[in-house]
Amino acid sequence: MADIVFDGIEKRFGTVAAVARFDLDIGHGEFVVLVGPSGCGKTTSLRMLAGLEQPTAGRIRLGPDDITDRPPRERNIAMVFQSYALYPHMTVAENIGFSLRLKRMSKREIAAEVAQAAATMGIEGLLERKPRELSGGQRQRVAVCRAIVRRPQAFLFDEPLSNLDARLRASARAEIRTLQQRLGVTAVYVTHDQVEAMTMADRMVVMKDGHIQQIGRPLDVYAHPANAFVAGFIGAPAMNLLPLARAPFAAAGPADALVGVRPEDIRLDPASCIRPQPFQARLRHVEALGAESLLHLDHDGLALQMRLPGSWQGAELPQFFVDAARLHLFCGRTGARLPASV
Amino acid sequence: MELTRPWKVIGHALLTLASLAVLVPMALVVLAAFKPHNEIFSSVPWPQNPTWGNFVALFRDMPFGQYLWNTAGTTVLRVGGQIVIAILTAYGFARWQFRGRDVAFALVLGAMMIPHQLTMIPIYIMMGNLGWFDSWTALIVPNLAMPFAVFLLRQHFLAFPPELYDAAEMDGAGHWRALWLVVVPNLGPALSALVVVLFIDCWNEYFWPLLVTDSDHARTLQVGIRQYLQEEMADAYGPLMAGVTLVSLPALAVFFAFQRRVMDTFVSSGLKG
Amino acid sequence: MTPSGRARPSIAWAYLAPILVLMAVFTYWPFIHTLYLSFVSWNLNPGQPTKWVGLANYEGVAGSPLFAAAARNTLIYIAAGIPLKVLLPIPLAVAVWSFGAGGHVYRTILFLPTLLSFVVVAVAWSWLLSPLGGYMQQFLGLFGLGMPNLLADPDWAIWVVLGLSSWKILGFNMLLYLAGLASINRHYIEAMRLDGAGDWAVLRHLIWPLLTPTTFFVLVSTVVFTIQQVFTPIDVMTQGGPSNATTNLFYMVYQYTFLTFNVGYGAAGTVLLFVLLLFVTLVKVGLLDRHVQYKQ
């Protein structure tokens, strides 16, 4: 059963459509990630679900209720903000318990709820501190704690990891996902980082310029991007996208089409391809990352990237192969995926 | 900047002279407050027979206690009102974008161009018509709108992270509770410095109370002391010095409690007010 | 993202309502009412009807000896105050600034008069300057100098009021200069030092030019202060006398309206005062804009 439904949601600021025709059903307990470059409308969509913005058109439902016209406090939704938005003048315990205090819960009940939530996040030792005395990682845990203490019907996350350093971010990803699964609460998560989208989402929604580009499970989106934008946005390094007419390898499609190939689908060993197709390119530069290597190739002024497991032990004039079974074709005008591609 | 020695000496000499010009008269006044009547023009600056008599005379010869009560009461109520109104106004301007906002803000700031002196005649008449003349109300109500305070607080409100408004709203606080439970507690020292500046401003005010009070019922300290000077002239310099010492103490005390911040706020009031 | 929140923006008007009502009643309406009163003849007696007299009040005020004295004195208060109020604080501020933390004590001491009321200052100085043996008389006596009764002497009284208002505002203006100095980037100074500049060169070619906008600003705000605030020492010490030697435009308005009950003249004087203040304030706003840009 759908837990959250966006039905034809639209948000205009003046004449600019920040979000256009947004339709999405989110199942109970599902973890959905809205991903896209900045200004794509993902945060606005989240804020409309939170009640912080009013949609220009369309309805939002939460469970059986139409919540479109309700203020945030009547929605039973909790949110973790990018800056964490902890109240600077309150201790950690007061921050966590603020929503309960506003509900006029008794002091003792609040203390118990706060203690339990703090234990869940492992921050019992921080309760008497002020936010400015915490590290970035600790603040992030407090912000999550403030969300779970309310036992909401849904969690919203607005880029909650973008202020953390790379190592903390990786562990926080796993932690948030585990917590959400344990609590079984529906979550909507906004990020511009496709790695977060790939690793955390049950389903992801790729957005651009206010429009949904594709909705799907991460691996499906990765394997079958709906258009050239999604193909370029999801996956790092990005998929190589070349005009078919100038590409070093052949594919069946209209002359103005774009052909795409993921860096890992360019190989040195034809045996590892389903339908190997040799092509000419010059090796310009190698980035050795240890477990893998990135090779920058050049064909007639067109740059290509290739990903190779292990380190490059290279021949001087290597022969490259593309797996023709893994090529993607996109319309040259609309960018839409063409049926000719796999 | 490090100056070389001769410049340093000149600098210290100048500042010492200026400091003496400030401190010596103040010290003479405070010392005179403890001098008996026959020593008031003595060439010895300190009292040879120190006495509390001047302070006693102050409370005996004029309703000093009543004036103190009027001054303290109207100052507290007026500053409280000014602060609350300025907070509401600054919040209204800083939190929402709405049609007419710029016009309204220009009206508020424009009021700084119209000081009391330009409106005193009609307000004086108004006080009479309303029956407020010679009352606390007349001292308080016409002075509640404080454009400078609005301006200063708005700066702080604009610097307030908007996500905190959102977080408060998600936690269930509407705009009213968000203001008092989240925004105001975070103003901290800025607010206390503003309170001190408004307090000193009101405590030291002379012109308006002179105009709208004419009995002990509402008369304030500043007006009372001036009147005492006029009535007693030279005969009462001892009690007068006691009086000016006492009157100045509260302003000096609050200043020293919040020194640095208050000076900065005074400066910005000078920049805008 | 704008902090729009969900509440309709029109809720903001509820927050603005108190101040807008207060200002309408106690600022804008009285201001318009003053304009009206400047065209009528009235004696402040509620039972007395007002009589429209057109520009007669303006003509009357402009032709009166009180106005001539008040205008002349206002000019003296402004012009003669410049050396003590506007220029003297500059070397003091530069010295305090150059001492860094060591200058804080001076700064605090010089700021003290700002905290005192003008009534306190005027009462204290009238004792210190008393012709009956005040300390100033005794001090001058040490050098064999006599002292006239300053406040009773038309030639001296205005200088007493002026000196006292300078004493009160000196530290405040110094603080304004310190704010200007604080915005000077110390890298400039270090760069000049590396180029071999001595103290005087730095003061003359770097600090003085960078302080010029602040100086203009202090000048203008001191003019506003002088027009508005000198009322109190005048009223406490001289009531405008002797023979109008210390009155200023603002005190003149007070005299017309509340001492001789000539409301029309008072209102006309108020309007003239407003024009003067408006002019000065516009200059000040212009300077402030430039001042701010300069800092960035």
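By written order: A, B and C. Residues from 1 in each chain.
Everything below uses one rule, namely that a residue touches a chain if its C-beta (ideal position, glycine included) is under 8 Å from a C-beta of that chain, and two chains touch if they have at least 3 such contacts.
Worth saying up front: this structure is predicted, and the values here are computed from it rather than measured.
**Student:** Of the chains shown, whose Cα centre falls closest to the middle of all protein Cα atoms?
**Tutor:** The most central chain, going by mean C-alpha position, is B.
**Student:** Can you name the chain that lies farthest from chain B, using the mean of each chain's Cα atoms as its centre?
**Tutor:** Comparing chain centres, A lies farthest from chain B.
**Student:** Hey, how far is the Cα centre of chain A from the one of chain C, in Å?
**Tutor:** 61
**Student:** In angstrom, rounded to a whole number, how far apart do the mean CA points of chain A and chain B lie?
**Tutor:** Centres of chain A and chain B (C-alpha means) sit 56 Å apart.
**Student:** Suppose each chain is reduced to the average of its Cα coordinates; what separation in Å results between chain B and chain C?
**Tutor:** Each chain reduced to its C-alpha mean, chain B and chain C end up 16 Å apart.
**Student:** Please set out, as single numbers or ranges, the residues of chain A touching at least two other chains.
**Tutor:** 47, 51-52, 71-72 - these are the residues of chain A that touch more than one other chain.
**Student:** Give me the residues of chain C that touch two or more other chains.
**Tutor:** 1, 4-7
**Student:** Going through chain B residue by residue, note those that touch at least 2 other chains and give them in order.
**Tutor:** Where chain B meets two or more other chains at a single residue, that happens at 166, 169, 174.
**Student:** Which residues of chain B touch chain A once you look at their complex with the stated criterion?
**Tutor:** Interface residues on chain B, with respect to chain A: 161, 163-164, 166-174, 177, 181-182, 185-186, 188.
**Student:** Mind listing the chain A positions that touch chain B in their complex?
**Tutor:** Within the complex, chain A contacts chain B at residues 47, 50-52, 71-73, 77-79, 81-83, 85-89, 98-99, 102-103, 146.
**Student:** Note which residues of chain C are touching chain B in the complex, please.
**Tutor:** 1-7, 9-16, 18-20, 22-23, 26-31, 33-34, 37, 44, 46, 91-92, 94-99, 103, 106-120, 122-128, 130, 132-135, 138, 167, 170-172, 175-176, 179, 186, 189, 198-199, 202, 217, 221, 228, 231-232, 235-236, 250, 253, 257-258, 263, 266-267, 270, 273-274, 277-278, 281, 288, 291
**Student:** How about chain B: which of its residues touch chain C in the complex?
**Tutor:** Listed in rising order, the residues are 1-4, 7-8, 10-12, 14-15, 18-19, 21-23, 25-26, 28-29, 32, 41, 43, 45, 85-86, 88-89, 91-93, 95-99, 101, 104, 107-108, 111, 113-115, 117-126, 128-129, 141-145, 150, 162, 165-166, 169, 174-175, 200, 203-207, 210-211, 222-223, 225-226, 229, 234, 237, 240-241, 243-244, 247-248, 251-252, 255, 259, 263, 266-267, 270-272.
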